[in-house]
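Read through the structure below, which is laid out as structure tokens, and then see the notes.
To keep things simple, chains are lettered A, B and C as they appear, and every chain counts its residues starting from 1.
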Amino acid sequence: MSVKCYTTAELAGLLDASLAGSAELQVSGIATLAHAQSDQLSFFHNAKYMDQLDTTNAGVILVKPEHVDHVSGVALIVADPYLAYAKASALFANISIERTPHQISSSAVVAVTAQVGTRVQLSENVVVGEHVVIADDVVIGANTVIGDNCIIGSGARIAANVVLYSKVSLGEHCVVHSGAVLGADGFGFANDRGRWVKIHQLGGVVIGNNVEIGAGTTIDRGALDDTVISDGVILDNQIQIAHNVFIGENTAIAGCTAVAGSTRIGSNCTIAGGCGITGHLVIADGTHITAMSLVSKSLKKAGVYSSGTVVEPHQQWKRNVVRFRQLDDVTRRLKKLESIVKQQNTEGQSE
Amino acid sequence: MSVKCYTTAELAGLLDASLAGSAELQVSGIATLAHAQSDQLSFFHNAKYMDQLDTTNAGVILVKPEHVDHVSGVALIVADPYLAYAKASALFANISIERTPHQISSSAVVAVTAQVGTRVQLSENVVVGEHVVIADDVVIGANTVIGDNCIIGSGARIAANVVLYSKVSLGEHCVVHSGAVLGADGFGFANDRGRWVKIHQLGGVVIGNNVEIGAGTTIDRGALDDTVISDGVILDNQIQIAHNVFIGENTAIAGCTAVAGSTRIGSNCTIAGGCGITGHLVIADGTHITAMSLVSKSLKKAGVYSSGTVVEPHQQWKRNVVRFRQLDDVTRRLKKLESIVKQQNTEGQSE
Amino acid sequence: MSVKCYTTAELAGLLDASLAGSAELQVSGIATLAHAQSDQLSFFHNAKYMDQLDTTNAGVILVKPEHVDHVSGVALIVADPYLAYAKASALFANISIERTPHQISSSAVVAVTAQVGTRVQLSENVVVGEHVVIADDVVIGANTVIGDNCIIGSGARIAANVVLYSKVSLGEHCVVHSGAVLGADGFGFANDRGRWVKIHQLGGVVIGNNVEIGAGTTIDRGALDDTVISDGVILDNQIQIAHNVFIGENTAIAGCTAVAGSTRIGSNCTIAGGCGITGHLVIADGTHITAMSLVSKSLKKAGVYSSGTVVEPHQQWKRNVVRFRQLDDVTRRLKKLESIVKQQNTEGQSE
């Protein structure tokens, strides 16, 4: 791992920032305000950490114009320090795949009918099936298997131990993390007098450009039509996307959320972790769903939605949870009591 | 991928259907009513899509007798069009495993003490341990590892990057998808003054015939006795089955559900996605559990069960969820009020 | 699998037990009270199974002093039979990894800059990256990939198809199960007018000694600082640990729980399965959380916490869940009614 260095002037140019302070300082990394050293870049974007801004050892700090006075070292002034930090992280990134690239390993097996672009790196034991098309600048990690008839767009980075079943298409500049499985059979069965008869899953998976897919995430192939993940979607770890789901552009889904078959999620949604979205629903563009929510009906209007209850001490919870099962009864009793009391009031007034 | 073709007469024979229309039409695939072309088969099983039935371009349609008049092309008349579709999907299926079969790859490693049947296909880098018995017609995908002393029944299809630990037995005609792990250690530890002492997991995993196991699903080995999955069970993706669980015949479990240790689930149950079933419970045959339910007590009577709450707008939810924590108090106050009002009524009447 | 045998006298010595009965009996395995044979060891630690204690065929039983009279065969008397059973399980364990160890396989690929200790076993197709340091007595299963700059402590047992990305450090005597992914990118993105910009994840993962990591569990690398799992932590299957999480010593987490970014969990906690813990929280030492709880605020005081509701018949649940959405309204109406009734009472008394 060689260390990349930039002068403050170079960083200002690369990050579209105004420079306040020395243009010549050498910067060799990024760190949090709490841990940054004098040769490191940090960023301030949350008022809660104002104390840290005042005491940090960071040599250079990305700040909004209004906080520049708090910076004792060099300030790089930007409208959105968090976004600038994201861009800076790319400058200091080493390989984002797990290992040093190795061109095409001698142990990789590539079918003779496959087409492989230039500057493609295939690590040890990678297996590439028949009629696969791999564009330029693709990196594939060790022990990953690419099924027949897959298409991998340029610049894709696929980590170790990933599986693409046949007929999976991946756009440009996608990232797929280890343990992800794209194109396994959707969960489709018909019941024949108690016995399950498999519905063979004949569709594929179509993934757009700039999609990131987390470790252990599974995206099933469609039953007849394809499962579709649009451009710019970001999926965290251990997400389950069932057959024939459609996810619109730039939607973000956090870890361990599951989306059941044929549900259509709009663009620019954010879905927190641990949610369950049942099948055949439509979720509007711009919908936001909080952690561990159960969505069992369509959400046709953008907004923020939640379900579930929040932790409380166990003994207290035990008493409340019993009452939940009486809630309809409680509500009816209240209504009845309201009408009795209203009646009493009327009688009282008429006396 | 060569295209398989059938005449309508052949399909009628294969699907046990009555034919209404041309016996000679060549059918080259299956599609939904919305997308089918004139050389494709479709099916109608949901009254909601009657419009599509009337306007589809499908050349052939699987229908119930009562809907044959709506079919402008060829009708294949069956009692259960969805089941007939399932059977038809097998006719048009290409390989359900991720890659073209390759017999036994030169990079597969098979222990000398292992027995391998006829027509077995082992893809690249498959590793087969000591004393493994693999029956006829088994297909194993690339980079899959079969531990010592495993038994794989005839016709099993195991996808790429699957792991079977030692002493896992798989019945006939099972399907195991990528990323599945069968036979990892159950989560058993004794606490020794704060420190966890591992309980070595000495049991195995026994899986029946015609079982399907989804991508990323994990089934742990038993602590002393075996973990058992009965014939005909279907498990979706990312399911967690803990040590010593028993699942009865033909039970279906959807994605991301977890079953804790030693729980016994009956036959012909359906358990939706995202459920949690705690340990040492008994779930009756024919039990149905809806999505994201928490089951923390045995369900001794067949039926449909649910828990949790359903999404609502976040601001409204915030107010309700606070009240949940007051629910026992609210119920007690209601009861008290009821008795006061009753007392008033009695007094009012006695005046 | 050769069978290990111990005499009752040997077992008494190894398990620190007092022996009541023959010192010469040969014991060849462990089993439950229900299934044990006359040459097997069993244990009694749950009063619920007293019947089984009285009727078991087990030749030797681990019991507390007060239950020795119920043992017809040989008794091994200990203070904590369950803990003694855990220790005994190690005596009878075969390989806990999935296959017979093979030293360094000829198909393993080890970078020339890597350092590998003595008695290290690397199975088929293991890939070890640049500058990796593997201590003595480490066992790594087939098709596992160890990224650049990883450190693996002595005695670690890593199963098949595991991935360690670069810069992951694993302490001594850890166990990592198949499908686990350590060090994939944390889920960090900044939003640039609707489009997600990746925040490259530059931190690592630091795992202490004696940590067990279950099948399919994912632990992401830190954004800038490291993700930290302390000594003695045990993690079940399919757990998701996000970037920059800290987990204190000896904390146990059950399957399918997810912990979001930067949350700090104390020592000696137990967190049941299917829980969701949101980001940037602090959970006190000695906190216990029951199954499927949503933790969305810090828990600063040790205790037992819960959330959610428990299954009930579906028709009943449907009525109650509708009322949940009226709960704030119901509570307000109750309060109003209380004040009306109180007013009536006052008026009644003042008449």
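In this section, a contact is a pair of C-beta atoms (placed from the backbone, for glycine too) under 8 Å apart; a residue touches a chain by one contact, two chains touch by 3 or more.
Just so it is clear, the structure is predicted and the values come from calculations on it, not from any experiment.
The two copies, chain A and chain B, are related by a rotation of 120°, based on C-alpha atoms and rounded to the nearest 5.
Both chain B and chain C derive from one sequence, and where they touch, under half of the residue numbers involved are common to the two copies.
Per-chain Cα centroids separate chain B from chain C by 25 Å. For chain A, the set of residues that touch two or more other chains comprises 107, 125, 143, 161, 179, 216, 238, 256, 308-310, 312, 324, 326-327, 330, 334, 337, 341, 344. Chain C makes touch with chain B in their complex at residues 1, 29-32, 35, 80, 82-83, 85-87, 89-90, 92-96, 98-100, 107, 123-125, 141-143, 159-161, 175, 177-179, 210, 212, 214-216, 232, 234, 236-238, 250, 252, 254-256, 268, 272-274, 291-292, 308-315, 317-318, 321, 324-328, 330-331, 334, 337-338, 341, 344-345, 348. Contact residues on chain B toward chain C in their complex (touch as defined above): 107, 109, 111, 125, 127, 129-130, 143, 145, 147-149, 161, 163-166, 179, 181, 183-185, 187-192, 194-202, 216, 218, 220, 223-225, 238, 240, 242, 256, 258, 260, 276, 278, 288-290, 293-297, 299, 303-310, 312, 316, 319-320, 322-324, 326-327, 330, 333-334, 337, 340-341, 344, 347.
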